[in-house]
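Written out below as structure tokens is the structure these notes cover.
Labels A, B, C and D are assigned to the chains in the order they are written; within every chain, residues are numbered from 1.
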Amino acid sequence: MAGNTFGKKFRVTTWGESHGSAIGVIVDGVPAGMPLSEADVQRELDRRRPGQSILTTPRRERDRVEILSGVFQGKTLGTPISMLVRNIDVDSRPYEAIKTKPRPGHADLAYWLKFGHVDYRGGGRAAARETVGRVAAGAIAKKLLAAHGIEILGHTVEAAGVAIGREVKPEEIRKNVERNPMRCADPKAAGRMKRAVLQASAEGDSTGGMVEVRALNVQPGLGEPVFDKLDAEIAHALMSVGSVKAVQIGAGCRVAQMRGSEANDSFVLRRGKIMTETNNAGGILGGISTGMPIVARIAVKPTPSITKPQRTVDIARMKEVELKLKGRFDPNICPRIVPVAEAMLALVLADHMLRAGKADPNRFK
Amino acid sequence: MAGNTFGKKFRVTTWGESHGSAIGVIVDGVPAGMPLSEADVQRELDRRRPGQSILTTPRRERDRVEILSGVFQGKTLGTPISMLVRNIDVDSRPYEAIKTKPRPGHADLAYWLKFGHVDYRGGGRAAARETVGRVAAGAIAKKLLAAHGIEILGHTVEAAGVAIGREVKPEEIRKNVERNPMRCADPKAAGRMKRAVLQASAEGDSTGGMVEVRALNVQPGLGEPVFDKLDAEIAHALMSVGSVKAVQIGAGCRVAQMRGSEANDSFVLRRGKIMTETNNAGGILGGISTGMPIVARIAVKPTPSITKPQRTVDIARMKEVELKLKGRFDPNICPRIVPVAEAMLALVLADHMLRAGKADPNRFK
Amino acid sequence: MAGNTFGKKFRVTTWGESHGSAIGVIVDGVPAGMPLSEADVQRELDRRRPGQSILTTPRRERDRVEILSGVFQGKTLGTPISMLVRNIDVDSRPYEAIKTKPRPGHADLAYWLKFGHVDYRGGGRAAARETVGRVAAGAIAKKLLAAHGIEILGHTVEAAGVAIGREVKPEEIRKNVERNPMRCADPKAAGRMKRAVLQASAEGDSTGGMVEVRALNVQPGLGEPVFDKLDAEIAHALMSVGSVKAVQIGAGCRVAQMRGSEANDSFVLRRGKIMTETNNAGGILGGISTGMPIVARIAVKPTPSITKPQRTVDIARMKEVELKLKGRFDPNICPRIVPVAEAMLALVLADHMLRAGKADPNRFK
Amino acid sequence: MAGNTFGKKFRVTTWGESHGSAIGVIVDGVPAGMPLSEADVQRELDRRRPGQSILTTPRRERDRVEILSGVFQGKTLGTPISMLVRNIDVDSRPYEAIKTKPRPGHADLAYWLKFGHVDYRGGGRAAARETVGRVAAGAIAKKLLAAHGIEILGHTVEAAGVAIGREVKPEEIRKNVERNPMRCADPKAAGRMKRAVLQASAEGDSTGGMVEVRALNVQPGLGEPVFDKLDAEIAHALMSVGSVKAVQIGAGCRVAQMRGSEANDSFVLRRGKIMTETNNAGGILGGISTGMPIVARIAVKPTPSITKPQRTVDIARMKEVELKLKGRFDPNICPRIVPVAEAMLALVLADHMLRAGKADPNRFK
């Protein structure tokens, strides 16, 4: 019970089931006086919602957000911001037939074992739809960060076995990510990814990938030793997103094969400022931001919903059965995870800005 | 400030600087009536301490633990358990010379930027020595878990570029891990690892690796959606350990290249119980334990302290300088991270046992 | 920032401004499988809402609650329960005229000093209307407690200088409290209270009083030493209600004049059970429930809104001015605080039931 | 479990049993760079310890505090400050004889019902000795507050039926409180109190009283609506002290008999600053500090340990028995509660200073 809140000072609580009447989020701790409108939030929700391209599910969630509290005359009040999105265009009938047949790779069985009583429609609370609340909250966090010059960038670096294979520049991400359905910063790699994704999809299967998020212009000193280290909380935040099975900071898994002389980022002076020559640390040392770009990568598993037949157990009859899902599913979830991962990184940073007393209300005046 | 506590019901707060007078931990939330002695804790501390082999630093921390509260007549009281280890055999002189020269790969600069006033001796609060408290707390968590049949196993799966390269059985871990200085479950791989580690060390350099931890016989239903998912909290716990740059759950990064039909673990019946045929999920679906073994892997960076010359900036003079560290350092930190990673996994599971109301005080009677 | 959540396992987060579009609450941590309907909540909201009698403000808040999540097929899911009440019949015009003139006894000035940007309409976030969320959450807590045989009773023991002056029996509370507008357990005292309240009201003034809440049939062992003592958390909960200026547990302030031999409740055996002869402790020793009735009393200040002229400072001109409020206000807030105080006591107890692992999900089957 | 921590940013965790080997506290969240020495803490501990006068128990707790971490070169590091006091001069023998006979007014029975396994020696965890940790932490909080000009004053306003009966000035408190054993700001009243206390003591009985704490020069804007209101957290903090049965803020219980026109504090201009003419609110409106003095009063029950015979139940034999305690006990606990109550008020304010971002690290430079 009671795990639906994230953050200590910038506190986000999401609620709602996929096929319930609505879904939403409360954001508590936003400083008073920050300009905020529904359009700020809607923009991010539109990046998350399905039906954007051939690569996403066609469910027509219009996902109109309503801000119910915490904002007055266009500015935040310092009181909780409650946001609501009604669930519409919901068809729960397909789930009736399979309600005793947990879908492999989904949370169905785990929820049933934990809670006993479960909303089986569309994945209920465990559905990707829960991320509506995260993205809405993330939009507010991004606004707070932007007021302090911090930029969050996300992009797909690998999908369906096609990796971008090189370091991309921030400009490439800003320019290209919203121009292709893979949200890849390299247009050519994006084309290859798309073909590989559609190929697997045509075979009734899904594919995984890798998403990177960065935070630029982060001030030094964010993160609290020793358990609330910035990287630990980023790992927590990103791993809490469904389908994520690994989180890497900076050089990530590659450090296992490095030597110290290679992995250590040398300190150098650049225009009178201490920086590091390389950024294997991903902008974090001892759990504290150094001022270098924060870089994290997540491994995203293939969408568990596939049309290929699968084996499962009917829990009503305790018998092994074949499961054949009908419908259209995201063939690859990476493009839609990009805004969610950005949101999660933004939430962690906004929280630590507030915790470190570095969010300046005068920025909003 | 205030990030030195981990867990919600099994709450661990560590304190202490590397060269201060002592280091310690408070564990709050342990149920009353559990048998506990200093020997239970000492055993785990002895696995963590340096000086165990040619592969660890020679600092002679005897690390005698003293339990100061929370235990009476050999059993826990349900009140906070305070544990203390005095710091002895501490030589702070080498740190005087470099106190304005932050060591690359260490937290020196980040702490200085964050706190202004820093204990520069031996890494201060950011030193690996802080894990004494984690391991002591983990020993209590392990005892609680063991009373419920849960076993924690850790081992080095890769070091200095030598990977074990196969799945090992629990029996191999239990049998071999304490028999070689690498804490590797495969004796032959251990030998190759050791040679590669010593080779780099002879060159004044250090090496990284990969450590795996598992939890066996975990009951289903642990983990709280949606932010306190079991995998999210494991990622948080493991990433909060110094030198860890990536956390993988189950198949981890490999899911990026998988297809859904391969990544999804089929549900099957085995002796009347629902299990999965494979365990790519690492025992967790939707953030909740399924009853399958929980498996996590961490990428460990090379020890940042190396004797090779490095570049840094003298913050007193704001000039680039060369840094040459003297002394003997762990050439590879993996073997000593094994008990720490085990402790962190144990802490997460003990916390979630209590949160789910599944720790049964009657077990101790 | 971020103080809008109460409880550790039964977690309540309220949101909303008095004249915003809606007001609401999220309750996280309710065990799965508990029967719950909107009617359960509506019943308590109807006790709280204004317009019930000549003694309450005539604002026609219909206060229809909508449960948006966390309940499926009439039973809780173990996921967050989001509840919403739209604000209607709101007239914000009177507040325009006084928006730079903080009302004495209200939070206007304090909010302005703290937040800079304030919703001045109807008290904004500081309005009594915020208790809609508390009462809605309390209705769920009461249902959880009732399933375990625990009953919450509240009543007015003093108003406008008229004190009930004797200990009343639970039966009197159950029978009489909803039968008179003072929510007083003694019908005769209720009549005297009402006359005194109306007398002051006729003079453009308001009156205070004292409200008592009790919890019957509470199991022993609730409350966590040393800071989360049951009485400490009850004090916190009750003092967080607007207008409350004192909280007494058991004999409360009277202990100051007692001797130890009188204040100590002797332990006796009654039908094989250990009880206390008196209950000066109010059912709590060392911060832990003993099984005796839990009793708390709160001092309620007179409604700060009065029609008599008052002195204040115009913060726009920094000049002392006279303030004359127009409208009709609750002449005495005690009757409407009764359900709020009941709700707060229920929240604390439900939280501690869950924390102590004493809420049994099988109760709901 | 797990209730031994207080505060969100200035986090205090106490540990230790009365007759265990030591008792102590960790303070996490203290900003870096604040001057701090053991003498700062010792001064407050000396005010708390027994054996100060004829009015306190003769146990010779020397209570030497040792700071084990978090301070380096006389200044705080921003890391946890661990403080330890060894328990010496402990005679546990008297408790053997009564270990199955819970003392009325003490926590013995409640702990036994909750934990099953209890340290019965000297009250164990429930003993007043636990306040050593509170006072030590409070000393640090006071130092932080003093650096911002905030002063904490405590004094006994009533004891053994003798009330001081008038408002005392801060100067009287500063001047007189440490000059008489009652810690009363009025020397004459102190004399009468002392006689009444000794009279009851001579009869084998104990007496209660009332203690007031004030905070002067508190900046406006501390406290977080709606559950973390400053008064709610003060009530929590003070009620968590053993023997406290009521907490009043400002006019406290007297508001029950007031009219609104009397209870409302008028806003006035004094030297260009908005103040209130009276201070019935006790410096807090809507849960937020206004800048006026914060005033709280607590009702302290008579020391439960008395030498007069009492009735209890032997829980081993489940029989009613007579209990006759031997030894010398505090005849009135008010004087020793004064420093504890001051500490608790200081902890709340320090926490809210940090939460509001109003503790300025530059103050320490």
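Details
Just so we're on the same page, a residue touches a chain if its C-beta (ideal position, glycine included) is under 8 Å from a C-beta of that chain, and two chains touch if they have at least 3 such contacts.
The model shown is predicted, which means the values in this text are computed figures rather than measured ones.
Across the assembly, the mean Cα position most removed from that of chain B is the one of C.
More C-beta pairs touch across one of A-D and A-C than the other; that pair is A-C.
Between the Cα centres of chain A and chain C there is a gap of 39 Å. Rounded to whole angstrom, the centroid-to-centroid distance between chain A and chain B, based on C-alpha atoms, equals 27 Å. One inter-chain figure worth recording: chain A and chain D are separated by 46 Å, centre to centre, where each centre is the mean of the chain's CA atoms. With touch defined as above, residues shared between interfaces to two or more other chains in chain D number as follows: 1-5, 8, 14, 79, 114, 125, 225, 355.
Of all residues in chain D, those touching chain B in their complex are 1-5, 8-11, 13-17, 20-24, 26, 28-33, 66, 68-70, 72-73, 75-82, 84, 114-119, 124-125, 354, 361. On chain B, the positions that touch chain C within their shared complex are 8-9, 79, 225, 355, 357. By the touch criterion given at the top, residues 1-6, 14, 102, 104-107, 109-111, 113-114, 125-126, 130, 158, 161, 200, 204-210, 220-221, 223-229, 231-240, 242, 245-269, 272, 274, 276-277, 280-282, 284-291, 299-306, 308, 310-313, 315, 318-320, 355-356 of chain D touch chain C in their complex.
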